[in-house]
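Below are two complexes that have chain A in common, paired first with chain B and then with chain C.
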Partner chain A sequence: MLYGYAGKILKYNLSSAHHSAEDIPRELAEKYLGGRGFIARLLYDMLPVGIDPLGPENLVIIAAGPLSGHLLPGSGKTHFGTLSPATGGYGDSNMGGHFGPALKYAGYDCLVLEGKARKLSTLVISDDRIDLVEDEGLAGVGAIKTEKLLKERLGEDYQIITVGPGGERGVVFSCIHHDFGRQAGRTGVGAVLGSKNIKAIAVRGTGSLPLYDPPGALKKGEEMFKVCFAKPGFKTWTPYGTASITGWVNEVGAFPTRNYQTSFAEFHNKIDGQAIVDRLLVTDKGCFCCPTPCGKYGFAKTELGSAYVEGPEYESIAILGGSCCLEEIEEVAYANYVCDELGLDTISSGVVISFAMECFEKGIIGKADVGREISFGSLSDVVYLLEKIAARKGIGEVLCRGVRHAASVFGGDSDRFAIHVKGLEWTGYECRNAPGMMLSYMTADIGAHHNRSWALGFDVSQSDADVSELIKAGGGKLGVSSPEGKVDHVISMQHSRPLYDALGICRLQTMEIGFETVHYEKIYELITGNKLSWEEMLQISERIWHLTRLFNSKHIKGFGRHYDYPPARFMEEPVPTGPNKGRFISREILDQMLDEYYEKRGWDNNGIPKAETLARVGLA
Partner chain B sequence: MRLKVEEKRCSGCNVCRVVCALENFGVVQPAKALLQIKGLFPEPGTYSIDYCTQCGICAEECPEGAIKEDDGIYRIDHDLCTQCLICVESCPFGVMVVLDSGYPAKCTGCGKCVELCPRNAILDLDSQAVKKS
Partner chain C sequence: MWGWREHMEPTGEEKLITIRINILGHLRELYPQLGEVSTVESESPITVSGIIRQLGISPRMVLFVTGNDRIIPKNTLIRGSCSLNLISPPAGG
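What follows is the complex of A and B.
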């Protein structure tokens, strides 16, 4: 028996409506833990090369981790993986909420969806009963409305994920929605689910998870919560959640503004965590077993309409607020709501829209292309473009494929400020004085995303000091940040942060309030009966890192070093305003960092893992 | 311990339900928890908590007199219980469960939910002390 796990992988072929529940191989659990680890291994083994990401051959894999659903802080993470329609490479994205635990209580650690349903359908899982229910009446219905409809139809005890109109229509940055405000936003997992004619998956789980040491797991689980309660950040961080960092990011000149033209926004304090608390907040909304709920569920009233909406989280603030220049928190929240209902990732949507706004400003596209004039700071223009994208009408047909594609269509020099890596739009940290963070984005396996490594604190501090302490202390004096020592930080974080994604837990208790990793070693042992040190777990995470690189090498034609660069703006254009005025990081410096990174990774000069490296990490 | 709740503080994390089943039945199985959390979304965006108020209706309805009050807490006497489950049906809050053994189960005020609720949304009715905020 695999203690801690539900023990089964459910494989569902949507074309034939046949399914099988297979035992989790012990070797898979031991070498990859779960969550992102299962996704990386199964995708690598199961996906043929050369397929259309939005065709029936692609897979959507949903995986919880060994610690998901258990009594410990933040055990509610759910992971989604696929061949990304945004990048053509490895795609995964995760969300909080309650879905993964429910899947485990139903008996499955992992759900693999193959093929394509005949008509738009909902997959309904109630323990061992599984039904594919056709319902074309849900076509075009918003992601939030769909969840509400299905809750009313099936019952409160179902946990539900949905896609919006964007996912149904193949917008490559479509997300998966859950729990009235949680999203697996990145890499287009919602588009792939939609391409399979799956509008929603509802899960009800009533079973139990096997525990190696029930009294020990209870005692340790209780202790872990009480340790969290005693952390200062339990009281100081929680009220504002991820938005609490807004002011600091702006202060250190890393806040993406006007499509990343600059890195400082004068209006930041109108869209920060305090603004959410003062002007939006209805309730704090927690994921499964979360002691520090970052979800800020609120109500936003604007001239375009009003809406209940969870968030905005920091990333949505940075992109819809900073990059699109929506200067009021109500506007950011309303745009966030429109994204959620349409089933679009707030990050990629905001980057694509701010890119279009800059193209318009520069005359690269005009009124005839867009259908109207558009400008930074206009909520009406943001919503107009979101609706065009979700409908794939007019300019939306170009923008719906992401910023890399849009630049290739718009032409001019727009590729210089199409802000992405590998085809995935950049997130909320501008990096022209942040070499470590820049390298983090350049080398993240899914493209320009921050959750693999967040080296900004080290860039700002120029030291190895604890990042949360630095943020509390404020930005301080900003010198030119040196690339020296940053590669080691990035590699270390690329192992530690994704490890939480393999365990199926939230990293924010550690990252934001300083919860110690030693607790996870102990609870893992009490739940699973396996003894692994944090260091040994990090080695597993490293194995997964090399595997996702191999995946990209296998599936992206011509993949190599040239996929690891930021847009020219960040290498050539000095920041025009703010604390980092005049700064950028040259290609020469980035090349030196990449050389060092590849060497320390054990990859060749083109960024491909060497045979001896694969042997060392157990991938030979 | 008798419970009281402050629903406005609840964040819907369900720690209470997980620890309830683990403490009382030794299982990670929130479906067996002796309290329920319901999200009221998308509006008004709040949570409701169904919990045992020790109202005693289960005891009144039990045909065998198997549920008895002691110091404000109602407990099921398995020696008298015939597993008819009328008590489960009669619970006005729907917070009694049926165990795999066939016996009904109800909240006996162990207080674990109070201890671990990160939000102080579940409290000890007899003690107004606020522990975590």
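What follows is the complex of A and C.
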């Protein structure tokens, strides 16, 4: 018996409506833990090369971790994986909420969806009863509204994920929605689910999970909650959630503004965590077993309409607020709501839209292309473009394929400021004075995402200069934030951060209030019966990192070093304003960092893992 | 024991100010040598920024400082023994 796990992988073929429940091989659990680890291994083994990411051959894998669904802080995470339609490579994304625990209580750690349903359908799982319910009446219905309708139809005890109109129509940055405001936003997992004619999945689980030491696990779980509540940061973290960082990111000159033209927004205090509390907040909202609820559920009223919305989180503030220049928190929240209902990732949507705004400003595209004039700072223009994207009409047909594709269509020199890596749009940290964070984005397996390694703190901690010193130091140099030592730090974080995704738990308790990892070692042992140190778990995380790199080299034709560079803007254009005025990181320095990174990873000069490296980590 | 508000005006009685510092979150990854709790002693009033610098932490890495459930500006002059919490930026979700 695999203690801690539900023990089964449910494989559902949507074309034939047949399914099977297979035992989880012990070796899979021991070598990959669960969550992201299961997804990486199964995708690598099961996906044929050369398929269309939006075709029936692609898979959507949904996985919980060994700690998901158990009584310990932050055990509500669910992970989604696929061949990404945004990048053509490895794609995964995760969300909080309650879906993963419900899936485990129904008897499955992992759900693998194959094929394509005949008509738009909802997959309904109630323990061992599984039904594919056709319902074309849900076509075009918003993601939030669909969840509400299904809750009314099936009952509150179902946990439900949905896709919006964007996912139904193949917008490559479509997300999966859950719990009235949680999203697995990145890499287009919603588009692939939509391409399979799946509008929603509803899960109800009434079973229990086997524990190696039930009294010990219960006692330890209770202790872990008490430790969290006693942390001095507990009371200060919860009120503002992730939005609390907005002012700080501006202070250090890393806030993406006007499509990342600059890294400081004068209006940042109108869209920060305090603005949410003062002007939007209705209540805090947490996930399954969360002691530190970072979700902020609020009400936003704008000239275009009003809405209840969860968030905005920091990333949505940075991109919809900073990069698109929406200067009021109500506007950011409303745009966030429109993205959620249309089923679009706020990050990629905001980057694509701010890119279009800059192209319009520079005359690369005009009124005839867009259908109207557009400009930074206009909520009306943001919503107009979101609706065009979700409907794939007009300019939306170009923008719906992501910023890399849009630059190839618009031409001019627009690829210089199409802000992405590997085809995935950049998130909320401008890096022209943050070499560690830049390297983190460059080498993240899914593309330009921040949660694999958040090295901005390391960059800033090594810089004790005030703003005037930064400006005085001039552009093009790295006098303050040096690349030295950054590679080791980035590699270390790329093992520690994604480890939480393999265990199926939230990392915020550790990152924000200082919850010690030793607690996870102990409860993992009490739940599973396996004794692993944190260091041994990090070695598993390293194995997964090499596997996702292998996946990219297998599935992306011509994959290699050239996929690891940021856009030219970050290598050639000095930051024009703010604390980091004059700064950029040259390609020469990035090459030095990449060389060092590849060498320390055990990859060749083109960024492909060497045979001896694969043997060392157990992937030979 | 919390003391900055009580000690805004120096009493002339306290010879040595002892400040207990709780180091939280991402800061502990960046400065592991400091552990969870550190202590700074000062013979004269000292600003919050000065305390942070004495620990060898860049003040730019501290999102905000709290004590007694209140946010304490970094330029606040600490005149008496107290306990402070250094809160680091949310570290990438």
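Throughout what follows, the second predicted complex is superposed on the first by the 603 of 620 C-alpha atoms of A that agree within 3 Å, B and C clash if a C-alpha of one lies under 4 Å from a C-alpha of the other, contacts with A are read in each partner's own complex, and residues count from 1 in each chain.
Following the convention adopted for this analysis, a contact is a pair of C-beta atoms (placed from the backbone, for glycine too) under 8 Å apart; a residue touches a chain by one contact, two chains touch by 3 or more.
All values reported here derive from a predicted model rather than from experimental measurement.
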(message) Clash or fit: chain B against chain C, after overlaying the two structures on chain A?
(response) fit
(message) Just to be sure I read the superposition right, which of the two partners does A:G207 touch: chain B = first, chain C = second, or both, or neither?
(response) first
(request) Report for A:K522: first if it touches chain B alone, second if chain C alone, otherwise both or neither. (result) neither
(message) According to the stated criteria, A:L71 is in contact with first (chain B), second (chain C), both, or neither; which is it?
(response) first
(request) Could you look at A:F180 and tell me whether it touches chain B, chain C, both or neither (first, second, both, neither)? (result) first
(request) In the three-chain superposition, say which chain, chain B or chain C, touches more residues of chain A. (result) B
(request) Report for A:E315: first if it touches chain B alone, second if chain C alone, otherwise both or neither. (result) second
(request) Examine A:K31 and indicate which partner it touches, taking first as chain B and second as chain C; both and neither are also allowed. (result) neither
(message) Just to be sure I read the superposition right, which of the two partners does A:T236 touch: chain B = first, chain C = second, or both, or neither?
(response) second
(request) Could you look at A:R416 and tell me whether it touches chain B, chain C, both or neither (first, second, both, neither)? (result) neither
(message) On the combined arrangement from the superposition, state the nearest Cα-Cα distance between chain B and chain C in Å.
(response) 9
(request) Name the residues of chain A shared by its contacts with chain B and its contacts with chain C. (result) 235
(message) Please output the residues of chain C touching chain A within their complex, sorted ascending.
(response) 22-26, 28-31, 36, 57-61, 63-64, 66, 69, 71, 85, 87-93
(request) Sort out for me which residues of chain A touch chain B in the complex. (result) 69-71, 98, 101, 105, 144, 148, 156-157, 179-181, 205-209, 211, 214-215, 217-218, 221-222, 225-226, 228-229, 234-235, 282-293, 295, 297-299, 308
(request) Over in the complex, which chain A residues touch chain C? Could you list them? (result) 231-233, 235-237, 241-242, 244-245, 248-249, 251-252, 313-315, 450-451, 453-454, 456-458, 460-464, 497, 507-508, 510-514
(request) Enumerate the contact residues on chain B facing chain A in the complex. (result) 8, 11-15, 18-19, 21-23, 26-32, 38-39, 41-47, 112, 115-116, 118-119, 131-133
